[in-house]
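Got a structure here, written out as structure tokens. Questions coming.
Letters are used for the chains, namely A, B, C, D, E and F, taken in the order the chains are written, and counting of residues starts over at 1 for each.
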Amino acid sequence: MEPVYYLEVGKETSVFEHAWKTRLPVLIKGPTGCGKTRFVRHMAEKLELPLITVSCNEDTSATDLLGRHLLLDRETRWIDGPVARAVREGALLYIDEIAEARPDAIVALHSITDDRRELFLDRTGETLQAAERFMVAASYNPSYQRSMRELKPSTRQRFVGMSFSFPPEELEARVVSHETGIDGKTARALVKIATKTRSLTELALLEPVSTRLLVDAAKLIVSGLPPRLSGHTAIAEPTTDDPDALAAVRQIIDLHM
Amino acid sequence: MEPVYYLEVGKETSVFEHAWKTRLPVLIKGPTGCGKTRFVRHMAEKLELPLITVSCNEDTSATDLLGRHLLLDRETRWIDGPVARAVREGALLYIDEIAEARPDAIVALHSITDDRRELFLDRTGETLQAAERFMVAASYNPSYQRSMRELKPSTRQRFVGMSFSFPPEELEARVVSHETGIDGKTARALVKIATKTRSLTELALLEPVSTRLLVDAAKLIVSGLPPRLSGHTAIAEPTTDDPDALAAVRQIIDLHM
Amino acid sequence: MEPVYYLEVGKETSVFEHAWKTRLPVLIKGPTGCGKTRFVRHMAEKLELPLITVSCNEDTSATDLLGRHLLLDRETRWIDGPVARAVREGALLYIDEIAEARPDAIVALHSITDDRRELFLDRTGETLQAAERFMVAASYNPSYQRSMRELKPSTRQRFVGMSFSFPPEELEARVVSHETGIDGKTARALVKIATKTRSLTELALLEPVSTRLLVDAAKLIVSGLPPRLSGHTAIAEPTTDDPDALAAVRQIIDLHM
Amino acid sequence: MEPVYYLEVGKETSVFEHAWKTRLPVLIKGPTGCGKTRFVRHMAEKLELPLITVSCNEDTSATDLLGRHLLLDRETRWIDGPVARAVREGALLYIDEIAEARPDAIVALHSITDDRRELFLDRTGETLQAAERFMVAASYNPSYQRSMRELKPSTRQRFVGMSFSFPPEELEARVVSHETGIDGKTARALVKIATKTRSLTELALLEPVSTRLLVDAAKLIVSGLPPRLSGHTAIAEPTTDDPDALAAVRQIIDLHM
Amino acid sequence: MEPVYYLEVGKETSVFEHAWKTRLPVLIKGPTGCGKTRFVRHMAEKLELPLITVSCNEDTSATDLLGRHLLLDRETRWIDGPVARAVREGALLYIDEIAEARPDAIVALHSITDDRRELFLDRTGETLQAAERFMVAASYNPSYQRSMRELKPSTRQRFVGMSFSFPPEELEARVVSHETGIDGKTARALVKIATKTRSLTELALLEPVSTRLLVDAAKLIVSGLPPRLSGHTAIAEPTTDDPDALAAVRQIIDLHM
Amino acid sequence: MEPVYYLEVGKETSVFEHAWKTRLPVLIKGPTGCGKTRFVRHMAEKLELPLITVSCNEDTSATDLLGRHLLLDRETRWIDGPVARAVREGALLYIDEIAEARPDAIVALHSITDDRRELFLDRTGETLQAAERFMVAASYNPSYQRSMRELKPSTRQRFVGMSFSFPPEELEARVVSHETGIDGKTARALVKIATKTRSLTELALLEPVSTRLLVDAAKLIVSGLPPRLSGHTAIAEPTTDDPDALAAVRQIIDLHM
């Protein structure tokens, strides 16, 4: 498998490496599709750590993380959840959208995010001491958490933090080209469109246009769909349902393609 | 089985084909009964893909999509849910009304809608790599989602999008005739009724009159029920309970039939 | 068993017969006790269809409609729910108060109310093709649904509709006489009371006095209870708890008896 | 066992007997402790019907009424609930505080409260035809239901109704004497206290002082507790927690004893 | 075991004894820590009744009170809950904080708190007639129930009532001395502190300082902690988190010690 | 294992020791990361008590504390929960964030926090008398409980209390140095940053910067990350998501490093 492509924006690699050296848990904040997950995959490769990912949602409970007894072939067997597996094997555990998970899930992570570094499986009575290479990273999108669930301070202050945003234009264009093989000029035009819409706060988009959407648009163009239609399909439609906002985003696309 | 009848309105077929070539998930937005489901069935036939459909509701959970252990003949057997089946067999998976589903169901789709294209079955510990021909389409009705559940941006931005609305009058009349065998003139009259009511926003109908309702009215007429009574039964009553709105729609029907 | 007594008010029988010929699902709207259920029983007899009824409530789920596995005599057996039974046997399925049911129950009906006419039992993995004579009718009371649950447009537009209200006075009196053997004069007096209270919207009754209540009052009179006391017991008390409204309804009764 | 002591206030016995002759379900409305339950026990004796009582609460479900499978001695056995038992045995079924029960419980009663008189046990697939002597009575307290759950009109209109209130003074005093053996003068004084507090609507008591409380006070007096202290204990304290209202009720007691 | 120490404040012992003679259920109202539970333990000793206590909370259900089937050593065995045990054995049943329990739990108590004195175990189908010496007492704190759950009148009016508050100063000081062996002067100082804070309604304490807290403070003093620090620890801190109120209570303590 | 490092701030050790001598439960109040847990670990060592910790969350129920039956190797075995274990073994039981737990969990602790010192396991019918050395400590953060769950007075008044806040600057700097080996000057600078941000109430931070975060920052500095970047990562990011507050905290960091 070829290595994950990642372009450094600031000093995020260095911060992560020092967190790894001191085994401090890392909380990565930033908007949807800005590269948080890709960065974690990149760091796992660089540090030669196996990566175990959990995507949280409003129903994620401690059981989902720690494990459960399953009735298999008429026998009850304990199946480790992703957190227990990561703790045992010494993996990099990545908790995507941690603020979404239910409180019992989040509290179950407390003892592995402080100096105890141990995990208590209350269903089996087992206490796991984390393997030496075990580390925790978590992601969190502050912008749409504001009106929903908040991470409690007693959880937040167990992590050191990093804020991500979109890369500078030149870097983002290089990512788009690298991922899709599209020519540099079209890549730059796509990034221009993104930058423009991201600055138009009066559009009230749910979330800014992500790098991921630029990559999707480029893929459609490369596959032969006309550029403007590709932009409408991959950039405008996923960003908003509001007819006025939709028209505005389409206009920006038509202007640059 | 005869092929699904579908009349192209814009470039939707071409967009879908390029999404298929690049394996990007497609989100189809539009009002009830405008032909979203029919379009997906048409594309499945055209691309020669088996079609697996899931109709979501407020109780749809990850278990409903992924599968469950069932106790059959005193033996516990794993039964694939529709998503697991589609991933294994390489089908076109169609998630109807995706915004209705519970958050754990939606998040369970994340890993098959990005470049991982894999599905994790947490109950069996199995990770399925999607078959080469696997593709995802989803539908969504923005107009009555506005005040209810919203798709989160982190889900939306995994899809490329298409907006559907009702076909132009001439095309819609051809659909009605083709489906029911009714004469062209009556078909056009029915479409006129629909167009008229759709434009009367002061009626505050829950949803515009759909093509489906015109087809139902035509069926009743063909079966021998008088045209006006058919219109009242199949167009007016399903659209509203409000006595004033009901009277207004009936008047429009009586004017054209 | 003697046939269900039903007096036609408008063209409801003809509409239902054409819906049956075209196999379109029928939604019958109207207030409590106006004869919706009786009409459906009448049509089942006329069309010689077995009738299977489901009375919905806020807890009615898909499982209640489709069926469940039961542990009987230490064996797990699948028991068809009423909808599955109707689909297999080709019955007239009557879903009473459909708007009350939970969303998963309503969505489970979608595939049997469009041209697929098939039912998917997710617990057994079975897909049932509806028997040729299978048909769906549903009832719905718009007046007290207004502030509670609403049928979603994507459900409503799968049905053709009929609005019921109370029959004209002469007809209603004939129903009361036929059901109870009461003399025509008293029957007409009872109907007068009902008509009068139905028109007094300032009483703010929860629901208009139904034909059912007139029948109950007539039964009590025939059994020997004095007419006024019968009216108070069977008409006034079930209609309201408000002391002023109660007094007003009693006064109307005393005036006519 | 000696017969239930019941003093008729109006024509309630006659109304109930005619409802029984016509097998119409009876809904008895009235405040706490005014004798609704005692009246039903009296009627059961008079009509020589076995009495089966269900006291409803916010958690009462259809399962509680119809029955359930229980695992006993390693065997699964069906245990009839109180409603199924009453239907099979032909008892008088008394549903105390029906408005409290959950909607699925209330709807499960629909088919035994109309002319079908049958009960469907969905867990066993059995349909029970009610025994010839089966009858339903229910009670309901409109005064504190007003702001809580309401009986739906489609349920209410299945019953004929009777409104209960407290008996006239002389009758109520006879009840108190008969139940406790207290002398007539003290009984009348207790009733005076009740009448006085019931008329003081400015006290904002949760519910009026019931006959039951007068009986309790008389019991304490007969057992040797001083009359005023008995009144404070059995009449004032159970009626209110508000210090001012408590003082007012105590003052009324001290004035009459 | 030495007898429970209880000092009578008013006529509570006599009232309870007459309630016992007439087998009327007793509801004891009063603030936290004023001696309700101790009084019940005292009465149980005096009347030579075994005492069975249930502490209710928002999750207390009928099952918790009546009992449940448990799977023990592969056998299903019925285990009586505390109420069933008390009914069978003829104990004094004490329901602490009855208003907290869930409605199904409270309603399950109805038949043992009226003249039926029987308990229906719906899970076993058994009806228990209460043993001759069975009696019910319950406690309830009106001051913080006001904004939360209320006992329904239909429950309250099954009990005779008693209001408790804190004992007069001299008596309370004797309780504190007796429980801890502290000298009379310090005991009186502690009671002075309590009386003072209880009268300062502007402090907005959640609940007045209880006798229990004075006993705790005395214990710390006797064990050697300085009096003021003991007061701060056992009286001020448990009563409030508000910095201003905390300072005010501390000042009162420092003034008297 | 080396002993827990703890620096006394006031008389907390003495208060805890006297609470231990009199076996009174202790409630420790204070902000996140101020050393409550460390203090309890220190006291457990000093008093030579085994320490059993429960971290509560919104889903913590009585079952989580008391224990449960588990099906292991086809046998049902009772597994003690942490509270039952502590009661049996005579450990120091530490209930972290007690106010978060569900009410049934909190009430289950009542009988071990008063003079009964016994625990009732309702699932096994067992009553455990606490071992002689058993003691309870609990923690609670009043500042963010204010708008959420409150401990009920009937629970609070079972504890004696202690308020914790951050240690004085010199002491806090010694803690930071001791934990990380950082030089005294940088440690003092870090504490200065904390003191400064804690006093800026206009920043509206969720919680003040904790000692824990200073330790994290020192660890990153010692591991080689530049001091300012370490402060941004370990102090600014975990404390707030607000861009303005973030900038303000960063500025304070840059000023002192």
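Here, a contact is a pair of C-beta atoms (placed from the backbone, for glycine too) under 8 Å apart; a residue touches a chain by one contact, two chains touch by 3 or more.
Quick caveat, the model's predicted, so the values are computed rather than measured.
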Hop distance check: subunit E to subunit F, minimum number of steps through touching chains? 1
Those chains which touch subunit E and also touch subunit C: D
Same or different for subunit B and subunit C, where same means more than half of the interface numbers show up on both copies? different
Taking each chain's mean CA coordinate, subunit B and subunit D are separated, in whole Å, by 53
Just the number, please: Cα centre separation of subunit A and subunit B in whole Å. 30
Could you say which residues in subunit F touch two or more other chains, in rising order? none
Within their complex, state which residues of subunit D touch subunit E. 32-33, 55-60, 64, 70-74, 79, 81, 97, 100, 141, 144, 206-207, 210, 212-213, 216, 219-220, 222-225, 229-230, 233-234, 236-239, 241, 246
Listed in rising order, the residues of subunit A that touch subunit F in the complex are 11, 14-15, 18-19, 21-22, 24, 27, 29, 61-62, 69, 75-76, 102-104, 106-107, 110-111, 114, 122-123, 125, 142, 145-146, 150, 152-154, 156-163
